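Going by the order they are written in, the chains are A, B and C; count residues from 1 in each one.
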Amino acid sequence: MAPALLDVPLLDVADLACRRGGRPVFDRLSFALGAGELLALTGRNGSGKTTLLRALALLVRPEAGTILWRGTDVQDDPETWRGRLAWLGHLDGLKGDLTVRENLLGAERLRGRPAADDRLDLALVAFDLNALAHRPVRTLSAGQRRRTALARVLLTQAPLWLLDEPLNALDAPAQQAFRTVLQQHLTHGGLAIAATHADLGVPGARTLELSA
Amino acid sequence: MTGFLALLSRDLRLVWRRPGDVAVVLAFFVVATVLFPLGIGPQANILARIAAGVLWCTALFASMLSLDRLFAADHEDGSLDLLLLAPWPLELAALAKCAAHWIVTGLPLVVLAPLLGVSFGLPPEALIALAAALLVGTPTLSLIGGLAAALTLGARRGGALLALLALPLCVPTLIFGAAAIDTLMTGEDLLAHIAILAALALVALATTPWAMAAALRQAGE
Amino acid sequence: MADLHFLANPARFRRFSQRVLPGLTFATVLGFAVGLYLALLQSPPDYQQGETVRIMFVHVPSAWLSMGGYALLAALGASLLVWRHPLAALMARAAAPVGACFALVCLLTGSLWGRPMWGTYWVWDARLTSMLLLFFLYLGHIALSRAYDDPDRGDRAAAILALIGVINLPIIKFSVDWWNTLHQPASIMRLDAPAIHPAILIPLLWMAASFLLLFILLVLVRTGTEIDRRRLEMADHLS
């Protein structure tokens, strides 16, 4: 990486404002995130954590403000920006009639690229899904589905993860698995923004508290 | 293109896992069509005269009936967000969904309608015309219906509202589709009707994808 | 009140409409007073249809305005989707039922006109059938714009529908005309008068102008009501 680029944060959000149903959710929100950094979004229910994540993914059109990636406005080329994102919503985004494996492979193909088997196996192992790989998702518990959705995030190899309550429904071993995976992602220079109530257990994580 | 094919094959696979959903729609098509001879009476000349219009109308209703789940299922389980976030145009995703709908409802209707046409006493040439007109006309129904499904995503009274939005827009296809079968009686050119149906399908293909994409983006907000 | 800043534009509209409304109301009343005199008393009865031809002075302007109204919905829809103009959404919400009413008036007067001409209240005449489909398009627009808990969502969905509708309207009209010539016996008299005599044309245009004033008046008043309604809803939200 050229030295000049080191000064520029990868993700630079400035003066972001959103309103829903005529009501402002947040206003003049600014933060910057460099490689390997995690930003935890905290705040009460309805404080706008999900809206902020959706605004960063350009799912919600912000009323004002800019989102810069390596200094360029992401709104100029939304498709490339979407390719840099891994998304975990509060819904898992899984098809109940497809197996875990089919869901993961299908999601990768939807991102426009064929999924390599070795990467898929790594993602399955990381979240202890090997035994469940050929089970239809509708037969899984809520925690097992969440693990599948998290495996999908890992599979994308996207530099920026946007996670909405990633620990939801996860038991202690699964939470530990998630922390390990997240830590690896950050160590490899990835970025993550997570709306969460619980401590994500990543040392040096930054926190942004949203107030309603 | 990879994404388009991936979405198309995923949707087809989902239907394959639950063939009952499609079977119910096709059963509705058959039952609704069979009600007409029962309601009107078995006079062969009247039935042959109304067959084209009846089959087109019931085909239209059957397509509408199956459309309100087109995007709703993805909306409910969160996969719509993944489509919105896919790094390729959403217009193509909407098109892939409509293509899947057409393959699982439109195509079977093309096959079933001539069989029902036999029971209405349609001559063999009319059956061929019927199948040809449906083959070219049903994609328009899937596209317009898909737009109505995207517009009503998350609305109150979704299903009935969908039909109210889509049916007036389907009138041209209905008119030329039904008239194509009557060409045998009126002595007009069947190919000209098929060409008009194809033109209507192209207009729908050119106008509905961006509108569906815009409607889906709103649903995601 | 800072949160209401996006209503700044509608507020300006409100001041504008309050200044215009009295004059516009007066002009509309005057227009109809003169127009009705010209149409009902001054103009000659038709040599074939007798006095019933006077239905035309309501029927034809209603048809024009219901078509123009849908074009207006499409234009407002475009300005909402492209420029996110909040006033466009409110005005579309106000204009759609007015346009639908004009379509309905056109259908009802057409039906009343049809009774002496065709001996029945409804004939699948090409113009009436197209108007009926336009009425359905209006109904869809009205139903869709009010089908969401979030009014913004309904406004934008209806805007997309209006744009698609306006593209399809000529196609629908063409196909219905074609369908009509295919199925109607040629002996049926149609509701159009080629080469209208000036003695009828002038009152017709006058009435059309009066109806246009009425249309504008109704849309302006109703837009004002929509602004108030939206403001009240937001006040509820914020409190």
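Here is the rule we go by: contacts are C-beta pairs under 8 Å (C-beta built on N, C-alpha and C of every residue); 3 or more make two chains touch, one makes a residue touch a chain.
Nothing here was measured: the structure is a model prediction, and the numbers come from that model.
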Central chain (by mean CA position): B
Most distant chain from subunit C, judged by the mean position of its C-alpha atoms: A
Subunit A and subunit C, separation of their C-alpha mean positions in angstrom: 49
Inter-centroid spacing, subunit B versus subunit A (mean Cα positions, whole Å): 37
Cα-centroid distance, subunit B relative to subunit C, in whole angstrom: 31
Multi-partner residues of subunit B (at least 2 other chains): 221
In the complex with subunit C, residue positions of subunit B that touch it: 147, 151-152, 154-158, 161, 164-165, 167-169, 171-172, 175-176, 179, 186, 200, 203, 207-208, 211, 214-215, 218-219, 221
Contact set on subunit B toward subunit A in their complex: 2-3, 5-7, 10, 13-14, 17-18, 76-79, 81-89, 217, 220-221
Interfacial residue positions of subunit C with respect to subunit B in the complex: 81, 133, 136-137, 139-140, 143-144, 147-149, 153-154, 156-157, 160-161, 163-165, 167-168, 171-172, 174-176, 178-179, 182
Interface residues, subunit A side, partner subunit B - complex: 54, 57, 59-61, 79-80, 82-83, 85, 87, 89-98, 102, 106-107, 109-114, 136
